[in-house]
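The chains carry the letters A, B and C, assigned in the order they are written, with residues numbered from 1 in each.
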């Protein structure tokens, strides 16, 4: 048996790890997507890089962080951040850039500044794609946050690895079941949020 | 940094072969099962939403959690690794097969029926070839998923390139980590590139524009 | 709240030697044009003649390669571009409205950006809706819930929100069906009188030009061919091209031989048999039209449009008795009758059943 307190503690660490990385990815990813709007070259560089890193196995990304930053919580956050950043930048950029040019032109014509066009015209149109990206990133973060226990991040992954090392099924279950429930929760709650923030008149209408 | 030392001490040639073997078996299984499932759902479209919802939920399960949950059933090693790879890879392939088959333009089907093709012939001679580019796109996603899962297999004694990465982390040996990590990354990019080429070839050949 | 406009009223808008090239193609070729404060100037020409490009140099959506634009004698390059555009209303064909914003948010966006309070915006939006003949409860609707004509009215209301002294309109009625276009032109004339401001209006429809314009500027291949009042253009056309464009006489060459049935428009989609106002409203909304021919047991009862319907208590009050012709009537006498009665349409009836509509505007276009 594994103590309830141990599981709760690990779950708490897991949440902090997942969401800290996710928020960091959002905080960096969205400005990066906006910046990409300014320059075609920057955009194609970022998109190319995004596609590249997405093809690399998470385990390799987590491992490569070790020689760079060592082990522990911060390197783990950085590894998750790296993987979660890309879907967010990519989807946000695609959403922002795929707004009908004629509409941007109309907005400019009635006297909106470039920033106001991003804020009032591009962003509302990008919400659906952006949220799909954030949802994907959240699921990814939740998954990698288990793996990063191998580089000392703590959390539910520690239970899994301890269980693996000692063939203790209880520990394995205590580590993996909450993570799976968390994944399902993320999927459902983000889908709900996505529907809520999508403005009427976009898609479907 | 001594690449040669890492390569030999960690037996990377051997590990790479193991890795590619698991990858090959898992991907082949995924393609067969995914395409068949897509075809089946095309025949029974009422089941499609349920099937895709279930697969979607499976898709969100953390990879390591799925791997360790398969242990009691399938033991350690290659088997659970391959099984987990297949579980993740079925969705993109089946979904793209299904979408590809169902979204063929009406006019092509009408022409095919007009010249007297049976329903079966329409499926095999018209719908399926036209769906190939989308199926290939699904397979490309599966390539990336499978590489990811197979690499993690190293953590449950499946061998492959995940094993030396784990060793490197446990020994805190930056040479092993960097060499193996970059090698896995490069391998993943090469396989993704090959998949992209195949996808592009099929799109040029059968693609609709 | 007082909005700070770059200019309160327009004395002149002056285009000096304006040229715009795209690669080898010269879209606008050394155009000199002076727009007088208070007038409605039409820019007309075939597609690709440079009229839209020229219009867009006035609010700096396009920067000319050569030449300059002056408003009230000041080079517009001196102004902040955003302030300039907010001092100039801009109405375009379709898509100009933001699909994710309600009617109120669309109209009130610039007011909000200018820092108006919620109540002030509310009040102003209602004022503007009233001006463009839309009901107040439209504020919560989204553009996709409106008909084409209603969207165009909202577009006009948005352009007028900050009360700009200058309006640029780029084929605002271009995408509408003929009956609706006619209605909106009528309405626009009324609004124009109320507002009394300077307007530059792009169109390719010579009837629209004659109907709305004070002066007409004719463009072709990027060059300004002739500018003048309608009668000047008709009496002294600068060249063959202008003569062909404006020569109304020639169009009526065959008029004597034509019958009403030759040029009537199909009426099928506008015919409906209903008893109540709400039924009709619903039907018009479903069909996305703003005009209806009401029948009873197949026989013509009257015609109505959305605007009168919204203003009326019931269906009876909204019904109008249209001019009625039969298919065999001479077209010339039918048109003369329409002109005398100042009607822009007549219903063509055969054995009491409506079979077509005669639109003055449409007839002229077809005769071109």
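Rule of thumb we're sticking to: a contact is a pair of C-beta atoms (placed from the backbone, for glycine too) under 8 Å apart; a residue touches a chain by one contact, two chains touch by 3 or more.
Remember, predicted model here, so these are calculated numbers, not experimental data.
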item: Best-connected chain pair, where connection means C-beta pairs in contact; value: A-B
item: Most centrally placed chain, judged by C-alpha centres; value: A
item: Chain of greatest Cα-centre distance to subunit C; value: B
item: Whole-Å gap between the CA centroids of subunit A and subunit C; value: 49
item: Cα-centroid distance, subunit B relative to subunit C, in whole angstrom; value: 57
item: For subunit A paired with subunit B, centre-to-centre distance based on mean C-alpha positions, whole Å; value: 22
item: Residues of subunit C that touch subunit A when the two form their complex; value: 56, 59, 61, 82-90, 92, 95-96, 98-101, 109-110, 113, 142-144, 158-159, 168
item: In the complex with subunit A, residue positions of subunit B that touch it; value: 56-57, 59-66, 68-69, 71-72, 144, 147-148, 150-152, 154-156, 162, 165-166, 168-169, 172, 174, 177-178, 180-182, 184-185, 188-189, 192
item: Complex contacts: residues of subunit A adjacent to subunit B; value: 52, 54-60, 63-64, 66-67, 71, 139, 142-147, 150-151, 157, 160, 163-164, 169, 172-173, 175-177, 179-180, 183-184, 186-187
item: Subunit A residues touching subunit C - in the complex, by the definition given at the top; value: 100, 102-103, 105-113, 116, 120-121, 124-125, 199-202, 205
